[in-house]
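Note that the chains are named A, B, C and D in the order they appear, and that numbering of residues resets to 1 at the start of each chain.
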Amino acid sequence: MADLVPLTEAIAELVRDGDVVALEGFTHLIPHAAGHEVIRQGRRDLTLVRLTPDLVYDQLIGMGCARKLVFSWGGNPGVGSLHRFRDAVENGWPRPLELEEHSHAGMAAAYAAGAANLPFGVLRGYRGTDLAKRTRVALVACPFTGEEVEAVPAIRPDVGIVHAQQADEAGNVQIWGITGVQKEAVLASARSLVTVEEVVPRLELRPGGTVLPSWAITAVALAPGGAHPSYAHGYYDRDNAFYLAWDAISRDRDRFAEWMERHVLQAGVTVP
Amino acid sequence: MADLVPLTEAIAELVRDGDVVALEGFTHLIPHAAGHEVIRQGRRDLTLVRLTPDLVYDQLIGMGCARKLVFSWGGNPGVGSLHRFRDAVENGWPRPLELEEHSHAGMAAAYAAGAANLPFGVLRGYRGTDLAKRTRVALVACPFTGEEVEAVPAIRPDVGIVHAQQADEAGNVQIWGITGVQKEAVLASARSLVTVEEVVPRLELRPGGTVLPSWAITAVALAPGGAHPSYAHGYYDRDNAFYLAWDAISRDRDRFAEWMERHVLQAGVTVP
Amino acid sequence: MTYTAEEMMAVAAARRLEDGMVCFVGIGLPSRAANLARATHAPGCVLIYESGTIGAKPQHLPLSIGDGELAETADAVVSVPEIFSYWLQAGRIDVGFLGAAQIDRYGNLNSTVIGDYHDPKVRLPGAGGAPEIAMSSRQTFVMLRQSPRTFVERLDFRSTPGHGDGYGFRDRLGLPGAGVTVVVTDLGILEPDPESRELTLTQVHPGVVPDDVRKATGWELRVLGGVPTGKEPTPRELEALRSLKIAA
Amino acid sequence: MTYTAEEMMAVAAARRLEDGMVCFVGIGLPSRAANLARATHAPGCVLIYESGTIGAKPQHLPLSIGDGELAETADAVVSVPEIFSYWLQAGRIDVGFLGAAQIDRYGNLNSTVIGDYHDPKVRLPGAGGAPEIAMSSRQTFVMLRQSPRTFVERLDFRSTPGHGDGYGFRDRLGLPGAGVTVVVTDLGILEPDPESRELTLTQVHPGVVPDDVRKATGWELRVLGGVPTGKEPTPRELEALRSLKIAA
């Protein structure tokens, strides 16, 4: 049974220095509020896992929380670079960032394997790329046909964090719209946190809705607006203007630091 | 784009003697109407694939359409034996039936592998069973940890047939309720047929609904009541009385033959 | 209040379930027992059927594991590939319930054939979900009427692993779950010996003496010294059980 | 009517799409081109975005591949693991659209780094979905502005395979799709030579001469004899294209 706890408490209990942490949400429902709380609590040496690092990891990386990044596409969607990510990789600022780089298909197969308690995922991928030499991918032969296909190691984070639209009072969670790899991220993780837009008495199953039962989640925390500047289908739209604005904010180290100080460190948790 | 065709035509074009055929539907939406049409058209030497053979395969086997069965549980749910299946296995009547026997988990992994165009599926299963010596399962070592897990060969039927509640005029299909392995059965097959309760102008996505786009299906055929005595969620209930009655009907070869003659061979297609 | 042997079995099995346990149940006795637990001391029991229904709360006992009511009352309905991979194989199931045609002294089960596999006397339905349920559930409960024909010295076919040939078998094969921990029969309850893993009579139902159970067992049954007699079904248990009607 | 180079690119790419084609598209030019095709000669084009939206019919061009409108207008929304396994890897995609930072003469793409991988001059976003899109789609269309900096003799990093080192490469590696079949630039269209698979200038846009394209290419560009000039965007195409607004 997932406990309904304040976000501060959830992060304090679930996320530890040195953990492998996955904050997922494929452009939709990116758990920014949870990421900000991780920053406020000053977690260090995290291995961050995520297909698309997006702004939330740009911020965690820029604030020095991460020692390693496992990812497949590290850009500002529709805008350009993630400057804090680039600064860490190109200049080691504020600290060097180790990379384990995959393709989306590889990350997806690795999460699915983790959720299914398998040591590796199987796919046809990485062929004819330099990526294959720079990441963890290997060949496995089909024991029936002899054909060789690719394998990636399962992703099994210490903590998986996603944002959803709703939880009921028992801690059952519903996500709808684009659901990405959120279910896999939660089920693949040893501990899991779901932040939600609202807590409702009873979940109404929606078309395209995915329900995660309370007993498969460690903790649920209320975080209205917790996906901003990403969006929450049925609640608010993607703040495309902020994604554009982030380019300038994040380009300069001082301006970034000042923005984080004002909007994250000083802000504190903005949820009831 | 799936063509909307009469069931007779769909079976005539898609199902050929000697084919590997999967009629799926996990207790829910079992495509009986399609199975009956296969019987009426006198197909022979089929390899029938299905987790739970149920009455539809008891009938196909009893009518001599099958040379091989790939399955995981061959009973009359909540009632007892499938007598035509037993007669074929125990006495070779009306003809011997070759068996490839799996567990549900193994069949599910094999269908998923087929749908994903992988040569094999991976699972943890079959360990410590005599089944492992009697079926197609092998060990694969994780290239990263060395741990051994089980592999099953992908299921790639020549034809996959499922029953769904609705199609729209473009041939897009929606299934809701218990969806079993239907999506995998369709996507794993070289050719596919979906029989539907009704054709609607436009699909309303339902909670728990799965949509298969028209272009991923070969043919759609209208077959109201086509799942009976199984059920169609939102249309009609499972005819539990018929499942009970089938025990006596199928126990005796002559009574079975007479029932099939009257209710299937003579009946013809009962759809508009 | 009088009651049947089947009712005693359902009650005895239900009593072993704790509130909040996640149960992977099949049709028939397991489904009755788990729903009885939900209706009495364990309302928070989570019922999972292999058709993909998670948290089903049927008012009527389903006749098939795919009955519509299971989907309508479930917290979530997932595909069959998902229920076996993300849920069972992932180790999220506390108790897997199984029946069988034959069981041996180590709780291994046969639901495949009586006689030779290639020339069977009786062809049974087969393994279904059982091999992986018995492999990956934290515990496995078996419910089976007891007779020398069902409790046999040697299985005709091992469809599903219990404790194999005894202590250490499951670790050797890498079977993560604890295996069969409870066998509920119409005569009593058997549990594996902590050392040898051999099934041992640890409880008899009211009106049953250990000799009755020995006679109904196809091997030399180990019996716990001073084996206790279980409690009769309470009126509340029987009422709750009888109000669980089979779906029409 | 006047038009921009970007508009010419979108139009030229859209014209290569046939009605009913299933397109795996990314954001930006590919999305514009595919939606233009839907709005003009190919209303039955099926748009798939890697966020899992199948058959999306956006009224506005999405800024991100996960915009809500894609889900609202889609025939189906599936998980990311499913879109890559059951749909792309299964070989259901006719055309995969890709961009990149660098392309070489065999249509191999770099979207990972400029400079050394471990000490990059510029760290780019990375491969994303491209390696498998280029592997499993029946054809791959590349859209890329042409300059000696983007059309290079040697890639700094091969993120995504085109035709590798030429004829036979894809068969040798077991890459099922045909690979890059069309490269649309701001100057013209390049297609692989049937024999060598080397990219060859097969069409120039209006107002462009082959020498312009040679100068904008970092290798000795092969040019089709008497290379034809493509048609200007029609007013209808430009209207349709301009009525596709970016989501606010």
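Methods note: a residue touches a chain if its C-beta (ideal position, glycine included) is under 8 Å from a C-beta of that chain, and two chains touch if they have at least 3 such contacts.
A quick note: this is a predicted structure, and the numbers were derived from the prediction, not measured.
Undergrad: Just tell me the minimum hop count from chain C to chain D, counting one hop per pair of touching chains.
TA: 2
Undergrad: Return the distance between the CA-based centres of chain B and chain D, expressed in whole Å.
TA: Each chain's C-alpha centroid was found; their separation is 40 Å.
Undergrad: Distance-wise, how many Å sit between the C-alpha centres of chain A and chain D, to the nearest whole number?
TA: Computed from C-alpha means, the inter-chain centre distance equals 28 Å.
Undergrad: What positions in chain A touch 2 or more of the other chains?
TA: 117-118, 123-124, 183-184, 208
Undergrad: Return the residues of chain D touching two or more other chains; collapse runs of consecutive numbers into ranges.
TA: 85, 89
Undergrad: What's the complete list of touching chain pairs for this entry?
TA: Here the touching pairs of chains are A-B, A-C, A-D, B-C, B-D.
Undergrad: Quick one: which bits of chain D touch chain A in the complex? Just the residue numbers, please.
TA: 27-28, 50-53, 62-68, 70-71, 77, 79-81, 84-85, 88-89, 108, 112, 117, 120-132, 135-136, 157-161, 164, 169-170, 173-176, 247-248
Undergrad: Quick check on the complex: what are the chain D residues that touch chain B?
TA: 20, 22, 46, 54-55, 75-76, 85-86, 89-92
Undergrad: For the complex, give me every residue of chain A touching chain C.
TA: 1, 115-118, 172, 183-184, 187, 210-213, 215-216
Undergrad: Which bits of chain A are touching chain B when the two form their complex?
TA: Residues 117-120, 122-124, 136, 138-140, 142-145, 147, 149, 151, 153, 204-209.
Undergrad: Could you pull out which chain B residues touch chain C in their complex?
TA: By the definition above, chain B touches chain C via 26-28, 51-52, 71-75, 77-78, 81-82, 85-86, 89-90, 101-105, 108-109, 111-112, 123-131, 134, 177-181, 183-184, 208, 231, 233, 237-238, 240, 243.
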